[in-house]
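Labels run A, B, C, D, E, F and G following the written order; every chain starts at residue 1.
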Amino acid sequence: MLTVAAIIAYLLLGLALLFSLIRLVRGPSLPDRVVALELIASLTVGFIAVYVITSGKTAFLDVALVLALTAFLAAIGFARYLEKGGHREDD
Amino acid sequence: METLMAFAVGGLYAAAIYMMLRRSIVKLVIGLILLSNAANLLIFTAAGMDRGLPPLVPEGALVPDGPVADPLAQALILTAIVIGFGVLAFAVVLIHRAYEVVGADDMDQMKDTDT
Amino acid sequence: MIEFVTGFFLIVGAGFMLVAGLGVWRMPDLLTRMHATTKAGVLGAGLMLVGVGVYFWEVNVLVRVIAVIGFLMLTAPVAAHMIGRAGYFVGVPLWEHTLKDELKGQYDENTHTLASPPTAAQQPKDEG
Amino acid sequence: MTTVVALPVIVPLLAGAVSLALWQSRMAQRVIGVIGTLALMWVSVDLLLATWREGILVMHMGGWQAPFGIVLVSDMLGAIMVVLTAIIGLPVAIYSLSGVSARHEHFGYYPLMHLLLAGVNGAFLTGDIFNLYVWFEVMLVASFALLILGGERAQMEGAIKYVTLNLLSSVLLLSGIGLLYGLTGTLNMADLAVKLRDVEDPGIITVIAMLFMVSFGIKAAAFPFFFWLPASYHTPLVAVSALFAGLLTKVGVYALFRAFSLIFDQDVGYTHTLLLWMAGLTMLTGVLGAAAQFEMRRILSFHIISQIGYMILGLALFTPLAIVGGVFYIMHHIIVKANLFLVSGVVHRLKGTHELKQLGGLYRTHPWLGVLFMVPALSLAGMPPLSGFFAKFILIRAGVEVQSWWIVGVALLVGLLTLYSMIKIWAEVFWKAQPENTDVKAVAAPVQGGGLWLMVVPIAGLALLTLFIGLYGQPIYLLAERAAMEMLDPSLYIEAVLGGQGS
Amino acid sequence: MHSLILRTAGNFLLPLLLLFSIFLLLRGHDEPGGGFIGGLVAASAIVLNLFAMEIKSAKAVLWVDPRHVLGIGMTLAIVSAIPGAFFGQPFFTAQWFTFDVPALGELKVGTVLMFDIGVYLVVIGAVLTIMLSLAEAED
Amino acid sequence: MIALTWNIVLALIWVSLSGHFTAINLLIGFVLGYLILAYALRDLPVFANYARKGPRFVRFVGFFIKELVKSNLRVAHDVLTPTHHMRPAVIAFPLIAESDGEITILANLISLTPGTLSLDVSSDRKVLYIHVMYFDDEAEVHASIRYMETRMLEVLR
Amino acid sequence: MLLAVLSGFLLAAIAPWVHRLSGRHSGWVLAALPGALFIYFLSFIPEIADGGQVRFAYPWVPGLDIQLSFLVDGLSLLFVLLISGIGFFIVSYAGRYLEKHRDVGRFYVLILAFMGSMLGLVLADNLIALFVFWELTSITSYLLIGYNHEDARARYCALQGLIVTVGGGLALLAGFVMLAMAGGSYELSEVLAGEGLQEHAWYLPILLLVLAGAFTKSAQVPFHFWLPNAMAAPTPVSAYLHSATMVKAGVYLLARLNPGLGGTDEWLLILSLFGGVTMLTGVFLAARSTGVKQVLAYSTVMALGTLTMLIGVGTETAIIAAVTFLMAHSLYKGALFLIAGILDHEAGCKDFLQTGGLRSALPVTTFFAAIAALSLGGVIPMFGFIAKELMLEAVLEAPTVSGVLTALAVATAILGVLVAAIVGIKPWFGPRVKTPKDPHHEAPPAMLAGPAVLGSLGLLFGLAPMLPEWGVLGAAAGAVYGAPLDVKLSLWHGINAPLMISAASLLLGLALYTQWDRFRAAFAWLDGVANSIGPERQYDRTMAGLVWSADWQTRVLQNGYLRYYLLTILLMMLVSVGVTARIYDISIGELSFADIQIQEWTVLGMTLAAAAVAVTIRSRLGAVASLGALGFGVALIYVLFSAPDVGITQVLVETLTVLLLVLVLFRLPGFLNLSSPLVRVRDAVIALSVGGMMTLVMLSTLHMRAHDSISAYHVAESEPSGFGRNIVNVILVDFRALDTLGEIFVLALAAVGVYAMINLRAEDRK
C-alpha cells in the first residue's frame, strides 16, 4: 500500500522534475531559470520525504532541513547579480 | 545499480571533458565542476552502493543493528567534495582575474606565456 | 491506517508538486510561474513532510518536520520576492494579458529605491 | 619513539597556521619563515638519521592500527625526499627575506610557502594512497596561490593552464584511488600491495595503473603531459620558481617511484617499458624545448622536464643500480635546479630582465656570480666532478648493464644538449658584453634595495652542497642504495607498516 | 540592493542558522553533521547577511577578519593533534576527558571535538574570506 | 515579548523540576506555563493580551492553511486546464503593518496564499506591491489581503 | 700523489690573490708549482726506467667502483713531465705576455686548473677518474679559449671546441662503462691486464665509442676543424693546450688502451687511415694558411694524425716512433707557439705575410725559431729528425695498407718541410717587411726562456737521444706496447729508405717554399668547397638544425593552446588505457539493470539531464543554474544510497558554488560559440570515448572486486573506540583525521589565494 503510494509520489515528482528542467532550459529569462531551480530544490525535499518513509531512516531528514535553509541562497545570489547589473542579454 | 551508475558517471566524465575542451574559460570551469562530481560519484559507485543503510549507530548501541553502507567511502567523498570546492573557488576567481587582465573569455588569447 | 494517511499525504503532496512543475512549465510569464512554485511547491513539500511526521510520529521527527516546513515557508517567499523584484527590475516582460501594473515606473533606475504611489499611500489611514 | 616521523609535516603546518593567524605582522612572518624552515631542517635530518639507524619507521596516526587509520611511513626514499624539501625550504626562506617584496609578504607568501612544504612532505611520508591525494592537493593549491602572487597577466595565463592540467591530474588520481578502493577495499599502500596480489585478473590492475601513470606523469611533467610547466614556471616570483623547480615535479616523480615499485609491480615488463619510453621522450623533448628558448627562466623550466626524464629512467630500468641512479638524480637535481632559479633571481635583481638578448656583462662586473652559476649549471649538464655527473653516470651504467642502448644514447645526447643550453646562458648573460641598444626601461629598472647578500648566501650554500656531493658522493650513494634496496623489496615496507597483521 | 524583506528575514535567519550550525557541529559525532557541515551552514548564514546588506556593514557585523578565523581554526586543528605526543602516543591520538555534570550525567569531551571546532572555524574563515573578497571586488 | 519570556522560563523550570530533559517535556512545560499565565495573571497588563494570543494563533494557522489549500486548488485548476483563466495584475497595497518584522511576515504570508505574490515594499515602507493572479474585483482583493493583515497583527501585537 | 694532482686546483683557487700579492712577478711565483711538480715527477725516473710502476689509490665513491687511483708508468711519466715542464714555461711566459691584461688573475686560475686536470687525466688509473679529468680539460679549455669573452668570435670558437670535445667525451663515457663491464673492472690496469677484450662481443662498439672520444679530443679528421678555431685563445694557452697537452689527451688515451684494444684489424685500419689522412690534411692546410697561429695549429693536426697513425700501426717501431714523435713535437711546437706569441707581442704580427727580415731586430728569437723549425721539418741533427725517420720506417713496415700510409707519409714529409720553412724562414730572413709594430728589443727573459729551453732541447735530444730514451721514452714505449721494448734511439741509421725519403722531401719542400704563393693560389678554390661541405660547415648546420628543430618542436608541442594540451593528454590516456585493456583482455561481467527502482531512474535521469543542459545551453547563467540542479541530483543520489552527511555537504557546497559562480560571472561576457561544428564533433567523440573508457574501467573493477572493505573495522569500532555514533564523522575526525587536516588546509590555502588574487593586482603597483 505505502509502496504503491511511494511509487506514485516518485512518479509525480519525476514528472514535476521534468517540467522544471524544461523551464530551466527554455528560460527565456534568467529569473525564469532561477524559479525552475528553486522548484527543483523543493522537489528534492519532496524526494527526500518519500525516501525517508520508504527507507525508514529519519537521518535523511537532516538533508531536507539543510536544503530548506540554504537552497534559497542561490536565488538570492542570482537576484543580486541581476540587480547589480549583470549581463541581461545573456539569454 | 552500480552498473547503471558506471554509465552515468561515464556520461558525466564525457560532459566534463567536452566542456574543458572549449575555448571559453567559463566553460572550462563548468567542465571542472562536472569533473569533480564525476570523480566523487565514481568513488561512491566503486565502493558499492547500498540502499537505506546510513552508517549510523543507534543511540545506546555499540554497533549498527545490521549492515550499513561503506562509511569510509563516504568520508573520502566528503573530503574530496570539500577539497574540490576549495580548488574550484580558486579556479573560478582565477578565470575572473584572467578575464580582467586579458579582456576576453577566449583561451586562444592566452598563449603568450608558452613560447 | 497510518500507512493510508501517510500515503494520502505523499500522493497529494506530490500532486501539488506536479502542479507546481506544470505551472512553472505552462504559465505565461515569470510572475505567474512564481505563483506556482511558491505556493504549490511549499504546500506540496509541506504535505509530504506531514506525511513523514504522521508516519513516524516521534518527537524528534516531528520537530524536524516542523522545522523543515517552517524554513520552507520562511525562505520560499523571500526568494520569490527577490527574484520577482530582480526580474521586474531588469525588465522581464509581463504577460500581455496583465490587467494593471502599478509598479511600473516606480523604481529609480540608479538608486533602486522604490516609490509609493501617492494615491495609494493614504488609503489605510482612511480605512483605519 | 616515532614522533619524528610526523614532525616534518606537523612543523611546517604549524608554522603556516601560526603565520597565517599573525598575517598582519610582517616581522612575525619573516621570523617564522626562517625559524620554521630551520626547525624543519632539524627534524628532517633527525628523521633521516633515525631511518638510517633503525630502518623503516612508521607512525600510526591517531593510534589506529594499519590499515584502518592513516600511517606515516619514513623509509629511506621518503626520508631522503623530506630532507631535500628542507634543503630547498631553508635557503628559499632566507632568500625570500630579500627577494620577496613587502606587498607579497602581506598577501601570505610565507604561510603559503610553509604549507607548500607541508604538502610536499606529507606526500613523501604518507603511507595511505588517499592521504597522498590530500597532500597533493595541499601542495597544489599552495602552489596555485604562490603562482599568482603578483597579479601579472602572464601569471594569470600561466596559472590557468597550470591549474587546469593539474586539476585533471588530481581527478585522474582520485578516480584511480576510487577504483583501487573498489577493487581491494583498502587505502593503505602496503595493504594494497598485499591485497592486489589476490586479484584474479591482474589486467584491471594494470589498466588502473595507467590512470596513475598519466596522473603522476602530469604532476611530474613527463612527456607528453608536461605542457603546464613551461607555460607557468617562468611567471611567478623567483623564490617561488625555485621552490617549484626544486620540489613540485619531484613529488610526481616520487609518486611514480612509490606507486610503480610498491603497488603496481604486477607486470613490470609492461609498465616499466612504457615508463622507459616516457623517460626517453621526456628527456629529448625537454632539452629541445630549452634549446629554442632565449629567456633564462624558460630555459631552466624546460630543463626541469628533460631532467625528469632521467629520474623516470631510473625507475623504468628497475634494476638496483638504476633506482640508485634515479634517487641520486632526484637528490642532485632538486638542489641544483632550485639554485639555478635562485641565481636567475639575482640576475634579475641586478639587471631587471631574464631575456638573454638584453643581458650581458655580468662576468665582468660580478665574477663571483658567474662562479655561483657555473657550479649548478655544469652540474646540471652532468659535468664532472659535480653532483650531476655521478647521477648521470649511474644511470648510464645501469642502462648499459641491461643493454638498453637507445636510452643510453638519448641520455648522453641530452647531456650534451643540456650543456649547450647552460653554456648559452653563460655566454649570453656572463661573457657577452652588456648590449648597448637594449630596451632601456627593462634594463634600467632592476629592483632596488639592499640585502643582496641574503640572496647570495643561500645560493652559495647550495653550490657548496653540489660541490660536496661531487667531491664526496659516497654517503649520498649509500643513501640511494638503501632506498633502492627497500624499493625493490616491498616486503620490507609491508612488514614495517602492517607488522605481519595485515596479510 | 536594499530589500527590507530580505534584510528582516536575514536578521531573523542569522542567529537561527548560527545556532543551527553549532547544533550540527556538536552533534556531528553522533548524527549527521560535524565541523564541515556546521561551518558551511554558518558561513552560508553570514553570506546571506552579506547579500542582504552592503559589504561594509556586513564586515562590521562580522567584527573579526575571516582570515583570523582561518588562522585560529588551523592552529586549533593542529594543536588538537599534539597532546597524544606528550603521552608517547602518535599524533592525533584522541584524548578523552569525562566530566560528571550534575543533571546532564556523564559528559565526554575530547581533542576530537577541538579538532572539529578547528575544522568548523576554518570552513567559516575560508568561505567568508573568499566571498567577502569577491563581493568587495564587485563593488 | 515579556510574557513569552516568562512562559519559556516557566517551561524550563518545569523541565528541571520534573528531571526529564526531553523535547516533549519542554513542550508540555510550555503549554502548562501558558495556561497558568493566561489564567492566573490575566489581570496584569503585561499578560492582558497573552491569554487571547493562543486561540488567535491557532485560529490564524487554521485560516492560513485553509487559504493555502484553496489558492493552490485554484492554481492547480488553472494549470491543469488547457486555457488560462487568470487575470493577473500588479497592485500597490497600502500597509498598516509598520515594523520590519510585521511587514516581512505579511509579505511572506501573502506570497504563500491566495493568488498573491509580494514583489517589493516601497522604500518609505508604506506600500506593498503585490502580483495578483485573479484580479476580478479590485476591492475584494484589497479586502481579503487586509483581512489577513489584521488577523496577523492581532497575533503579533 | 693526490696532492700533486690536486695542487693545480688548490693553487688555482687562490691564484687571483697570489697574483694580487706578487704583482708583476706573479708568473714566476705561480710557475713554481709546475716547476716543483716537474722535479717531483723526475724523481720517479729511476724506478720507472727499471720497468717498474707506481700506483696510488684513494677511495672516492667505492659503491660505484670510483676511486682516485693513479698509475705512474713510462707513458704517464712522459706526459706528466711534458705537462709540468712545459707548464712551467707557459705560466712564467704568461706572466709577461698578459702583464697588462686585466683578467690575468682569472687566467692563472684556469691555466693551473687545466694543468691539474691534465695531470689527473694522464695519471688516472680508474676509468671514471680519467673521464672526470678528461671532461675537466674540456671545460677549462672552453673557458680559456673564450678568454676574450666579449669577442663574439671567441665565444663561438670556445663553444665549438666544447661541443665537439664534450660530445666525443660522452661517447667515451659510454665506451668506458662498456669497457669496464667487458673487462670486469673500472681500474684501467686491471682491464688492460685481462685477456680477451679483443674477442669480446662489445669490442667494436667499445672501440668506436672510445675512438669517438679520442678523435674529437685529438682533432682527427673530420673533427679537426675546432682546433685552429681554438687559436682564439691567448698565445700561451694555444701553446699549452693545443701543442703539448690537451689535444694529446686523445693520443694518450689511444696509447694507453693499445695493449688492451690494439692489435686487431679494426684498430689498425681505423687508426692508421684516420691518422694518415689527418696527418696529410693537417699539413696541407698548414701549408695553405698564412696566419701564424693557423699554420701552427694545422701542423699540430698533422702531428696528432701522425701519432694516431703510428699507434694504429702498432709495430714496435711504430710505437717507439710514436713516443719519440710525441716528445719531439711537444718541444718544437711549444717553442714555436711561444715564438708566435713573441712575434705578436713585439712586432704585432699575426700573419706570416706581414712578416719578414726580423732577424736583425730579434736575433735571439730568430735562432730559437730556426732550430725549432728544423726539428719540425725533420732536419738532421734535430730530435725531430729521429722521430721522422722512425715514423717513415714504421710506415714502410706497416703490416697492412703500408702503401697507402707510405704515400700519405711522403706527401706529409714534403709539405712538412714547406711548413717548417714558412715558420723558420719567412718571418726572419729575406727582405724586411714593415710590421704593425716596430720591434725595438728582444722579448723579456720570461718570454724567451720557454722557446730557448724547448728549442735547445730539440737540438740536444737530437744529438744525444739516449737522454730522453733512458727512463722515459723507453718505458713509455713499453707501456704503450704492452711489453718491455728495447729502445735504442740514434741519429744515424745509415743510408736507408727513410733517409732517402727525408732527403728528397727536404729538397722538394724547400722548392715548394719558393713557390709558396703560387701553391696557395693553386688551392684557393678549396676554400669554397670547405665553406659549402666542409666539416665546420656541417657543424654549423647541425647546430642550426638543432635550433630549428627545437623551435619547431616547441611550436608544435608547447603551442599555447590549453585545449590541445588537454587533447594530447586525454588521447594519450585513451590509448594507454585502451591498449592495456585490450592486451589484458579485461572482462566486465554481466550488465544488469533489473534491480533499479523508479526513484533511482528518475534521479539519475535528472542528474544527467542537468549535466546535458549545462553542456549545451547557450546561456552562461543558465548553465550555472543547471549545475545547481545537477548538484541537487547528485545530493539525491547520495541520499538514496545511504550517505546523509555527503548529501548535506553536497547541498551546501553546491549552493556556495552557485553563489561563487554568480559573483564571479558578474563581469564576464556571455558564452561565445568559438568552435566550428567539426571541432565540436571531434571533441564530442573524444569526450565520449573518455567517458566510455571510465565506464569500462569501473565495470571491470566492480566485476573483479576481491576484498571486503577495511571499513568493517570502522563500523565496529566507531562507538566503542571512537565514542561517536556517526561513523562517517568519526572517520573524518579520528580514524582519518590527517585527511581532514589536509583538507581544511586546502580550503584555507584556496582562501588565501583568492584573497591575494583579488586584492593584489599588478596594476596597483606604483
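The definition used in the following text is that a contact is a pair of C-beta atoms (placed from the backbone, for glycine too) under 8 Å apart; a residue touches a chain by one contact, two chains touch by 3 or more.
Composition by chain, UniProt nomenclature: A = pH regulation protein F; B = Cation:proton antiporter; C = Na+/H+ antiporter subunit G; D = Na+/H+ antiporter subunit D; E = Na(+)/H(+) antiporter subunit B; F = Na+/H+ antiporter subunit E; G = Na(+)/H(+) antiporter subunit A.
None of these values were measured; they are calculated from a predicted model.
Of the two interfaces, E-F and B-G, the higher number of touching C-beta pairs belongs to B-G. Compared with subunit G, the chain whose C-alpha mean position is the greatest distance off is F. Each chain gets a centre from the mean of its Cα atoms; for subunit A and subunit B, those two points are 20 Å apart. The distance from the centre of subunit B to the centre of subunit C, each centre being the mean of the chain's C-alpha atoms, comes to 32 Å. Separation between the centroids of subunit A and subunit D, computed from CA atoms only, is 47 Å. Subunit D and subunit E have CA centres that are 36 Å apart.
Among the residues of subunit C, those in touch with two or more other chains are 22, 34, 36, 42, 60, 74-76, 78, 80-82, 84-85, 112-113. Counting partners per residue, subunit G has 554, 558, 560, 562, 566, 620, 640, 642, 644-645, 648-649, 652-653, 655-656, 659-660, 663-666, 669, 694, 698, 701-702, 705, 709-711, 714, 725-726, 732, 734-741, 743-755, 757-759, 762 as the residues that reach two or more other chains. Within subunit E, contacts with two or more other chains are made by residues 1-3, 5-6, 9, 12-13, 30-33, 36-37, 41, 44, 47, 67, 70, 74, 77-78, 81, 92, 94, 123, 126, 130, 133-134, 138. Remark: the chains found to touch one another pair up as A-B, A-C, A-E, A-G, B-D, B-E, B-G, C-E, C-F, D-E, D-G, E-F, E-G.
Subunit E makes touch with subunit B in their complex at residues 30-32, 36, 123, 126, 130, 133-134.
Subunit A meets subunit E in the complex at residues 59, 62-63, 66, 69-70, 73, 76-77, 79-80, 83-84. Taken in their complex, subunit A has these residues touching subunit G: 7, 10-11, 13-14, 17-18, 20-21, 24-25, 27, 30, 33-34, 36-37, 40-41, 44, 47-48, 50-51, 57, 59-60, 62-63, 66-67, 70-71, 73-74, 77-78, 80-81, 84, 86-87, 89-91. Listing the residues of subunit E that touch subunit G in their complex gives 28-37, 40-41, 43-44, 47, 66-67, 70, 73-74, 77-78, 81, 92, 94, 96, 108, 110, 112, 115-116, 118-119, 122-123, 125-127, 129-131, 133-138.
The part of subunit D that touches subunit E in the complex is made up of residues 1-3, 6, 10, 13-14, 16-18, 20-23, 59-63.
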